[in-house]
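Here you go, one structure.
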Amino acid sequence: MITVKNLTKKFGGFTAVNNASLTIKKGSITGLVGPNGAGKTTLFNVIAGIYEPSGGFVTLDGKDITGLPPHKLFNKGLLRTFQVAHEFGTMTVRENLMMVPGGQSGESLIDVWLRPGKIREEEEELRIKANEVIEFLEISHVADELAGNLSGGQKKLLELGRTMMVDAKIVFLDEVGAGVNRTLLNTIGDAIIRLNKERGYTFCVIEHDMNFIGRLCDPVIVMAEGGVLAEGTLDEIKANEQVIEAYLGTGLKNKVTS
Amino acid sequence: MEDLLNAFLLMSNFVFVPAIAYGSQLALGAVGVTLVYGILRFSNFAHGDTMAFGTMIVILFTWWFQSMGINLGPLPTALLALPFGIIVTAIFLLGSDKLIYRFYREQKAAPVIYLIASVGIMFVLNGVVRFIIGPNDQRFADGERFIVKAREMKQYLGTAEGVSIKVSQGLTVITAIIVVIALFWFLNKTRTGKSMRAFSDNEDLALLSGISPDKVVAVTWILVAILATVAGTLYGLDKSFKPFTYFQLLLPIFASAIVGGLGNPLGAIAGGFVIAFSEIMITYPYKKFVAYVVPGDWKPEGLVQLLATDYKFAVSFIILVLVLLFRPTGIFAGKSV
Amino acid sequence: MKKLLLATVASAAMVTAAYADDVKIGVFLGFTGPIESLVAQMGPGAEAAIAEVSASGKFMNGSTVTAVRADTTCVDAAAATSAAERLITSDKVSGIVGGDCSGVTTATLTNVAMPNGMVMISPSATSPALSTIEDNGLFFRTAPSDARQGVVMSNIILERGFKSVALTYTNNDYGKGLADAFAAAYEAAGGEVTINTSHEDGKADYSAEVGALAAAGGDILVVAGYLDQGGKGIIQASLDTGAFDTFVLPDGMVGDSLPEAIGSDLNGSFGQAPGSDSEGAARLATISGDAFDSTSPFAGESYDAAALILLAMQAASSTNPADYKGKVFDVANAPGEQILPGELGKALDILASGGEIDYVGASNVELIGAGESAGNYREIEIKGAKISTVGYR
Amino acid sequence: MLINRNIVYFTIMALLLIGVGLFQSWNVSLSILNLCLISAIMALGVNIQWGYAGLFNVGIMGFAALGGLAAVLVAMPPVEGAWSAGGWGAIGGLFLAFISIALAVITYQRMSAGRTRSIIIIAICVIGFFITRAVFGPATHAIEDINPATSGYLGGFGLPIVLSWPVGGIFAGIAAWVIGKITLGLRSDYLAIATLGISEIIIAVLKHEDWMTRGVKNVIGMPRPVPYEVNLQTADWFITLSSTLGADPVGFSSIFVKICYACLFVSMLLIVLWLSETALKSPWGRMMRAIRDNEVSANAMGKNVTKRHLQVFVLGSVVVGLAGAMLTTLDGQLTPTSYQPLRFTFLIWIMVIVGGSGNNWGAVLGGFVIWFFWIEAEPLGLVLMNVITSGMAEDNSLRLHLIESAAHMRLMTMGLILLLVLRFSPRGLLPEKSS
């Protein structure tokens, strides 16, 4: 589904992603792991259109999407969440969800002023859809809370929920587990698996928690120093000498083997 | 040959010398703006009025010294009063930081909030300065006025054109060079300076490495006080002191800082000269110059002027817009965040 | 002096319980804004006349007069209009000295003074456009129209034998109006204006303007600006670079602070300012003392504007603008006994007894046309770093 | 609770205006009210940019001036002979300038980067510049030579001045589109400085292009949308009306005119307010708030942030331009020198911040409160100074200095208000409603 070929991203003299190539298969939950500074988030950001790549290209279903801005990728079904939750803090959880779908008539001012009836209908549909998502994520108790007041885990859940408001083809999850307690992380994990099974979402997940990765992901791709080091199931990866070397280099061996 | 010399002297007198002096003044101001932007991360709209405030203090001390008969001979007495102006301005800036900006730092407010707060400080300073010294033109220059006078030079060289260089212009350029060298030495060689640069590059990293942000901020404001007071005083010596003028100065200073790349001191200096030279060169009528350079007695009919001086102030902004269009981070890459 | 202060303070505090026989005069000038430094002398000038009349005890059978200040800001027509509204309808003034800048003066005249039937005498709005404005006989000015000054200046320059000048003006209605009037008169008389370009007041640097003026050439430089604003900057920069040695100084440039600031380099420069060989100006200087600088531009005109309003009231025995607006011409012009600054008490006596006066004042007031000063000019020359009068026109 | 606050504050404001009416005069009160209304509209425009989208526009003065320009071009009668003297030349000159810029832009887009492209673009600009000047210069001179003391410009189309209000909005909108195209997408400080710079350029053009607006000579005596006082004072129906009300026709005429203006302005304010409130409460407003809260995230959720910023920037500027045209209508003249950033730009900003950014009612309230104090600060400042110095001797030089400086209190007061509100009530008097 997503093919990355020879992708390179340089910041000044520093090469964050170096000639990385990988593919994400349709219907998979692909894990992306690697020590800090391996270039995972930068790779995400290049794919998601935040940065222009310095070289290489990305395709989605065979079509070149290299360097497209995020809002265009969104329309092609490529969505993402953020390492640090990017909620819309002054809006309620429900509003956070309702704003997501593109092409709402209510986004055109002419319609806002001249066709209030049509917008009211659309809003009603959106509200129903948002409520479904809220049910699914089991966050009904905070549905009318300001998103800025949620806990870190709830915000992550909300970010996941936003991707459910449209029919996403592929969702990139950047460290869903960062700052989230274990119970909530399990809830998030459950939701990801359900979305994958029930709705056929493809996921690509960056995560440090190997238990989480082990539970969800197949295959797992390892990055180090900006390049792709290995790919396989978690067990294969754990047995890979190069991978252990890479983690050892940063003193994180325990994390891999635990 | 004679004609070419005349042409050169003409350009020096009306273009190069004033542009270098004006450019130095702008550069000093722009470095102050850029420093605040680089380290404290906001565009300080109060900078022009800070310059006015510092200069006002210098003027008050200068008058006091003059009344006591203290002077520096051929140099302006104001130089003697400069340190006092800097101290008072620094106290004021540190106080305003403590009362106002620190609160927003603790809140981790958006940069634009600082910007708006600086507009508030600008208003207050505006009022304070007019309150204390009044809205009028104030004279405080004394000592010699000229290093070289055009008329004397003409007689000496026997040429049709001559060059004037004022003491204040010479002082401006020399002081600007000294201040800039000192600033770069400070930023690159001292421990505090290095930590400031680290802070400017990445606040979080700098915090991890054990730099006290309070100290960095305090030192920044002291540097700003020095730069603003020096720039303001030199400007006042060269032209005149009038509170309103200093507010107006804000625009070309900002243009300089942006053209050079906000947050980059070297860029600010370059920006100051780019703005000064282009303002003067684009609006300069080359009629006489052409007459000298072109052989024979041919003289152009019109003024050979690219743009009427009416639009002088538009020049800096047109350059600004062009830079934004083609090189948004400025001539020297500034901060992109 | 003390009285003057009391008057200002009292009016400032907006004492609402006014005496039945207390007459209020609005002093409507730009206390803040671009010409705030000129107004710092004009305001006290007007208030001096008001205080003098009030202290004489001879005004309208012993009425007192107080000045009420209001700020035109010189540039903000909206703020000026509001301030004028306040003067007329809230402070209930009986006449207004002002406005100062031509722009706000026009705005307040058409929007406030005319609808309310209030007399305005401006000491400093010199725009030629004000000569033809519809005013229902309510607007006068003790300053002459710049159309006249342009002609006078042209004559002075030509008589001194200068056939080619460079011209720069401050970029507002005053500067532009004067520059155009002068250029037209001068070129019609055979002179050449090599360049006619503006400068902005209160800006950072005038190198570019001076460079342009120098490149265009010309025997002398005409600076239609303000002496403590861009005008001074232009002259300073011209002298510094040796671009011009001699300058022509119209009214906005005539004041002691200019030669004081520039020194002997200005010697030989010449110009003109409203004035006449009457001793009015000197008289005003003795009255002003330390309170204000009577030689500052338009300070004398301000005194005269206030005096004219009060004398016209006395002549009409009424403080109603509709009654006294017709008397302004009578008191300003001959026939009658000539009145100088400091003689307002005498003038009040004469008028009270039905006599006639010819108010001369500090600026040799002579109203013509639609109620503007005829334009008697004092030709000045800078000698020994001082302004000296060399003749009158 | 919030609604209560609305009512309380607006009631206080109304009482203040009524107080001015009772203690000073109704004329003063109404003239303050009229400017409050215009300020409120201008503040609404800024609120659209800042409150909805977090865009910091420091060029309000320039957009207001464009509104003023529209008033001249729409409402002034055409100057006889000016069009034939040079009107077409001037327009042709502008057209040529436009063509050369368009050519340069097309070249920039069509050709690949390189020295050839740079040379061609520079050549187009230089040649275009000189051709434009050759056509434009003589034409404008011809126009300016027509009776310079009273006309010397093209004049306008002699249409009703109320038409100029939307036209002013359109002018400002076009300018905003150009500025937005250049600076939006860059970081926020650039927008601030660029708007400040471009508004200075707009003012410079208004000051120097005499053929268009008479430059600094000002356009005076503009037509009014309401009757003239002098005419009212002699109209029979009006005299009858004032006598039934027991009022003096002269005083009442000026009150009547102000009420007419107030009615026009109130209806304008209501229209703009309705449009902005509807927009804010719609999905569009929700999207804008999302963009303001987090641009990166909104962008990732499929919203074209740059395009929306441009849209909201243009819309806000349109409202400012509209208010600018209304202001010129009320003044009855265009004075380019009066467009000062301290007055038009920063004062409006203070209105929005004090009122409560993001909340339309807050912006309206801010417009009222700040304009009220801007006007009343002068007498209040004097009273304050007198109180402060009342213990001092009458000729105490400090006392005299303080009283003389009272006028400068205005700026200082504004600065203090801004700082205090920002610090202690950062969301303003009427905070943004969070649904």
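Labels for the chains are A, B, C and D, by order of writing; each one numbers its residues from 1.
FYI, a contact is a pair of C-beta atoms (placed from the backbone, for glycine too) under 8 Å apart; a residue touches a chain by one contact, two chains touch by 3 or more.
Note that this is a predicted model, so its numbers are computed, not measured.
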item: Touch-network distance, chain A to chain C, counted in steps; value: 2
item: Identifier of the chain whose CA centre is least distant from the whole-structure CA centre; value: D
item: Chain located farthest away, centre of chain B as origin (C-alpha); value: A
item: Winner on C-beta contact pairs when C-D is weighed against B-D; value: C-D
item: Inter-centroid spacing, chain D versus chain B (mean Cα positions, whole Å); value: 31
item: Chain B and chain C: spacing of chain centres that average the CA atoms, whole Å; value: 37
item: Chain A and chain B, separation of their C-alpha mean positions in angstrom; value: 48
item: Touching two or more other chains - residue numbers and ranges from chain C; value: 32, 34, 36, 40, 171, 198
item: Overlap residues in chain D, where contacts from two or more other chains coincide; value: 207-208, 408, 410
item: Two or more partner chains touched - positions in chain B; value: 134-135, 308, 310, 313
item: Which chain pairs touch, all of them; value: A-D, B-C, B-D, C-D
item: Parts of chain D lying in touch with chain C, wherever the complex brings them together; value: 23-28, 31-32, 35, 148-150, 207-208, 215-218, 220-221, 228-230, 250-251, 253-254, 257, 327, 330-333, 335, 337-338, 340, 343, 374-375, 378-379, 382-383, 386, 394-395, 400, 403-404, 406-408, 410
item: Of chain D, residues touching chain B in the complex; value: 54, 56, 182-183, 186-190, 192-194, 196-198, 200-201, 204, 207-208, 342, 346, 349, 353, 405, 408-416, 418-419, 422-423, 426
item: Chain B residues within the chain D interface of the complex; value: 37, 42-43, 100, 103, 110-113, 115-117, 119-128, 130-131, 134-135, 247, 251, 254-255, 258, 262, 308, 310-311, 313-314, 316-318, 320-321, 324-325, 328, 336-337
item: Interface residues, chain B side, partner chain C - complex; value: 13-15, 18-19, 22, 25, 134-137, 139, 146, 149-151, 154, 162, 164, 166, 235, 239-240, 242, 244-245, 248-249, 252, 276, 279-280, 283-289, 303, 305, 308-310, 312-313
item: Sites on chain C touched by chain D in the complex; value: 2, 5-6, 8-9, 12-14, 16, 31-32, 34, 36, 40, 70-71, 73, 75-79, 81-83, 85-86, 88-90, 102-104, 106-107, 110-112, 114-117, 127-129, 132-134, 136, 147, 171-173, 175-177, 180-181, 198
